[in-house]
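Chain IDs A, B, C and D follow the sequence of writing; residue 1 opens each chain.
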Amino acid sequence: MAGSTFGKNFTITTWGESHGKALGVVVDGCPAGLSLCEEDIQTYLNRRKPGATRYSTPRREADEVQILSGVFEGKTTGTPISLLVPNTSQRSADYSEIASYYRPGHADYTFDEKYGFRDYRGGGRSSGRETIGRVAGGAIAAKILKELGIEVCAYTKAIGPVSIDMARFEKEAITQTATAMPDRIASAEAENYLSACMAKQDSAGGIIECTITGMPAGIGETVFDKLDARLAGAVMSIGAVKAFEIGDGVAAAKAKGSQNNDAFYADESGVHKKTNHAGGILGGISDGDTVILRAHIKPTPSIFQEQETVGRDHENRTVQIKGRHDPVIVPRAVVVVECMAALTVLDLLMSNMTARMDGITAFYQK
Amino acid sequence: MAGSTFGKNFTITTWGESHGKALGVVVDGCPAGLSLCEEDIQTYLNRRKPGATRYSTPRREADEVQILSGVFEGKTTGTPISLLVPNTSQRSADYSEIASYYRPGHADYTFDEKYGFRDYRGGGRSSGRETIGRVAGGAIAAKILKELGIEVCAYTKAIGPVSIDMARFEKEAITQTATAMPDRIASAEAENYLSACMAKQDSAGGIIECTITGMPAGIGETVFDKLDARLAGAVMSIGAVKAFEIGDGVAAAKAKGSQNNDAFYADESGVHKKTNHAGGILGGISDGDTVILRAHIKPTPSIFQEQETVGRDHENRTVQIKGRHDPVIVPRAVVVVECMAALTVLDLLMSNMTARMDGITAFYQK
Amino acid sequence: MAGSTFGKNFTITTWGESHGKALGVVVDGCPAGLSLCEEDIQTYLNRRKPGATRYSTPRREADEVQILSGVFEGKTTGTPISLLVPNTSQRSADYSEIASYYRPGHADYTFDEKYGFRDYRGGGRSSGRETIGRVAGGAIAAKILKELGIEVCAYTKAIGPVSIDMARFEKEAITQTATAMPDRIASAEAENYLSACMAKQDSAGGIIECTITGMPAGIGETVFDKLDARLAGAVMSIGAVKAFEIGDGVAAAKAKGSQNNDAFYADESGVHKKTNHAGGILGGISDGDTVILRAHIKPTPSIFQEQETVGRDHENRTVQIKGRHDPVIVPRAVVVVECMAALTVLDLLMSNMTARMDGITAFYQK
Amino acid sequence: MAGSTFGKNFTITTWGESHGKALGVVVDGCPAGLSLCEEDIQTYLNRRKPGATRYSTPRREADEVQILSGVFEGKTTGTPISLLVPNTSQRSADYSEIASYYRPGHADYTFDEKYGFRDYRGGGRSSGRETIGRVAGGAIAAKILKELGIEVCAYTKAIGPVSIDMARFEKEAITQTATAMPDRIASAEAENYLSACMAKQDSAGGIIECTITGMPAGIGETVFDKLDARLAGAVMSIGAVKAFEIGDGVAAAKAKGSQNNDAFYADESGVHKKTNHAGGILGGISDGDTVILRAHIKPTPSIFQEQETVGRDHENRTVQIKGRHDPVIVPRAVVVVECMAALTVLDLLMSNMTARMDGITAFYQK
């Protein structure tokens, strides 16, 4: 019950530490007959790879994925897909000092309390490198969703005080800007803000937004496995996420019913909503509209300023963190949010296939 | 995989519709030897009972709980506890019209799309009455937590634009004010706001805050079952919740690392944090500080104004909703948030008992 | 994790004790649109009802089922179905003595060791009445399977030394003989054997066989959720079952490969096997042939002879059990085996719907 | 829901095919602080390694395990342990012919029916090499059990008609005889029998017995997660197992209650049973006595005689299987049974830690 498995139908079980031999994931429940090669996964991993810009850790990792099982002659076989990414640039010496104290904003103290000790090299399992398994697994989920006409797209919405202007939304910019913002002008501003933070040995947080388009209506279960509940659990399980919103989110709590309700209308193509305050989900079930969610991410806790803390010996002391750290986590976390959303949606799409007697009957009569 | 079971160690399986014969819950995994009687549970159910104030539906329900199994001579036996609450005040005639159209902001359309039809009486399973099972089960979880020195306390933080002032926090007020606010002055203001909404046939939303005190450090798992992730999934599974925050939440995304990091310090009683921006959770694991979360709740979708929508026949039309509806969901949802938090924390407390070899050895050597 | 829920897609959560107010089950994951009424379930419950013959306990229970949720206008809605059966004939006084000692062959001692105490009235949760929830839930599973052309049929194969002769197999006899044997001649012999046992204050065991016909090929997962593994776990979870066989079972271990292998052949209707030593399962996956399993059931542990045992005070003593007890469990357990098999097969049929990419694509393109 | 994960608290997720790059397992829920090195696991893997005797496939595999995560400075960290065993001796050419037809007694046909195609190299995921992950994970479970004083010991009880004599039981012989029999005389007889089978291009089955000593009373849950039910599901999930027994097993069904009941008695060391027909389990819960189970294993389906079967083209044909195959699976499956039993027992030991309120209170008061 240590919770390293995500999902019920399409599951990922992730493993690996920042400075171990490798990290990886076992994907179970992937349907047979999907074309799959390393490149499908590598594309996603490259989006979270360190060292790409001056706002990410200078640690250089190839992060090259290997498919070890579950694929035969270019097709998934229906059996577990084991994906492995070797660690190649561990410099454990950088971290040896961390062994002796608790970094503020990190999991050093809580791991020690829970387990009695910890793998202090680069945060061990609490490192952002843990997300490699999520992204590798999520890449497969996203590929399946694309075959079903569903697209998941995440991007940076804000860094510190700098927000994008949706009127300037340019999808290609997401993978071209250093900030993963789809607005090149806001991105340049955000870069200035980050430079100022770095100059003061400080760090920044921000907001990631994610849209899911092409969703069929009916996805999500009625009570505990609501689509929004499962998305919330998935996205909040990413380290550093401190808040989660669906649709209008926090703004909805301030609105009146007459403002927040989305009127339905019908045309020849079916039933639609005039607005989308709901973020594509009603009663926990997709309504066919675009699903919109946001993750609020705290500033990188590793800052180079001197900080007050406590040693493992429980003596008060000050520390100055060294090593390689991103001044902002947001741009590299964009693909992680996208992948967790894809995994969640696919898992619930699979659940939904048994929701109706006529669907089951049709399946077994084929 | 229809998702009516919550939890992994201490589980609840809820059932029942707004206008069926009864609603209930099966609690599995409750440890043996806990003193338990109906009154323990009724106290919690009374906090969500309709008809208590002018801001809740005039539907009158006794909502009296019966314990059908799992308790012998006043103690839990370790076997499943079945709790049942009969429905006594169904007036299905009120709802028959709903059968023919989709109420904006409700799950009518999505249920029809998912299941092919729906129990249209009072929203069926998508009704707020679904939460009876959560509260009945959560009351038991909360009782166990109290025996371990852990207290979960939720209250209304805001209704529409009216927020409480923490300087006026008075715990007793939570169950005494019509708004479940712990600040009587803010509560009076909120009542004025609600009266104004009702006069305009409109509704309001708001914010529920929940604190968990007495938490041991070490609760929560490292990746997908992080304490904050599980709390997010639990709270977002409550109908009408549109956003979830831990600690500083959305504000953390705007802060700098030097502001958001909580410095550690030690004194004779152990290790503490000087501030609690983190909301009591670091790396997904409790740090021993108070856990703080917030749920943002949309305004009641049932408003009496005329609204545009679509019929089951997919014809555009207008509707005017009748029946018995709360102008604000927030006050009655307070105990639901509290119960979902209690269930989550207890479930992870149980998981944590197997985290260390020395803990297991000690248990079996007793 | 107390294990009162069975299944992953179509789940049952059972509750209730021998002498509590009621017993019941929550069925979650039942597809919407199935016609369902109390009678569908009652028919199955009547097959396990006590008091029907001289070989079952004289306790008289109506065992009348109530559907409390999940059905609207005669159809399942896709939401949880709560089924309740009141206990009406508890005579707890009969059992008060049991509180003070451990009955041989029963769970009195192990419950005390596990939970610290026990509900001693009629065995509490360890009573055979626990199976009411299994049968009520299994009746729904069996109904769905029938709509898919799959029939599960269990019967008594042997009681003590008396076995049926398959040449005399008569399906109607299963529900007409007191032994649930499909062979009236063997049934008469078995009745003589049971009378002899009863005369000596002794009890008998026996074998239940179950066939599943109309199975599509492809059901079952490749490793831990093999069809035979899941059937074994399901059937062995019924109290008093001490062994489980698939196909030739124990005889297979003595055979040679050339004898045990089933040759394939093809005709215009598809691929078949010339023999069925395998019992319809190859590599854990159904092969389209009849699935055959057997459950070996121990003799009723409640016998009226004087027995040596230990008191709760850990003093050695003798006991003479009173109360109402079946001299053989087998006939009433037949429907329980049938129901557990139906639940297992339906659960894996649902899992199998996501096994192939083309199946998923076809489902969402409809 | 593809079922490659076993367990609820201590879980293993296995992956890999006979002729893929590697096989492995992710162990999640292993408590922190256990000493662990490759050697602990290698010892178990060596017991199932091919090529050790003339009765196992001549395929030579080093089967050397690598620990990729979850261990730091020789201790488990509480995070997932990833274990990998490279495949080094794949000779896929041997198997290319299998692509075109269905081997009798194998999963070729059922995989094709389920997934639409299959990895035909050496059976792919249905190969006995799949058990590498089980054994690697089970070795860790067994190590933990040993620290708690619980020992799991499996051995060959019979091969074809040759059974061991318990009076000649010699534990060391299990790992020294080619048959894994603890009786050297029976082992020699069994070798003669196997030689005769091989001479006739035939194969043999047999029986594996497994004992679990040092079990505390109270392990196992009351209904679906009974210790015997979980052991049955675990052991029957091993390929080629066709029957499962606990205690007297099939013999219990023929006994009378007065014979099958085990009388309790008490002495200064506690409560015991005079006999152990029950196999150490009453009501699904361990009674403190030795747990005894048996697995009945079919003869190797790969025999070199000509056999009738069907091609993928659904044409009737005969085949003569080539390649490298064991004439009997039993000796190499002994350690697999032992490991599945260890995994099951440990998983339920962990569940049991939350069975009582006093246990939970004591844990959190420490």
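What we mean here is this: a residue touches a chain if its C-beta (ideal position, glycine included) is under 8 Å from a C-beta of that chain, and two chains touch if they have at least 3 such contacts.
Nothing here was measured: the structure is a model prediction, and the numbers come from that model.
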item: Most remote chain, CA-based centroid, reference being subunit B; value: D
item: Selected pair, greater C-beta contact count between A-C and A-B; value: A-B
item: Distance from subunit D to subunit A - Cα centre to Cα centre, in angstrom; value: 38
item: Between subunit B and subunit A, distance of the C-alpha-averaged centres to the nearest whole Å; value: 26
item: Centre-of-Cα separation between subunit C and subunit A, whole angstrom; value: 44
item: Per-residue overlap in subunit A, given as positions that touch at least 2 other chains; value: 1-5, 8-9, 14, 29, 32-33, 78-79, 114-116, 125, 222, 350-351, 354-356, 358
item: Residues of subunit D defined as touching subunit C within the complex; value: 1-6, 8-9, 14, 102, 104-107, 109-111, 113-116, 125-126, 130, 158, 160-161, 197, 200, 202-207, 217-226, 228-237, 239, 241-250, 252-266, 270-271, 274, 278-279, 282-288, 296-303, 305, 307-310, 314-316, 351-352, 354-356, 358
item: For the subunit B and subunit D complex, residues of the former touching the latter; value: 1, 8-10, 29, 31-34, 76, 78-79, 144, 147-149, 216, 222, 349-351, 353-364, 366
item: For the subunit A and subunit D complex, residues of the former touching the latter; value: 1-5, 8-9, 11, 13-17, 20-24, 26, 28-30, 32-33, 66, 68-70, 72, 75, 77-82, 84, 114-119, 121, 124-125, 350
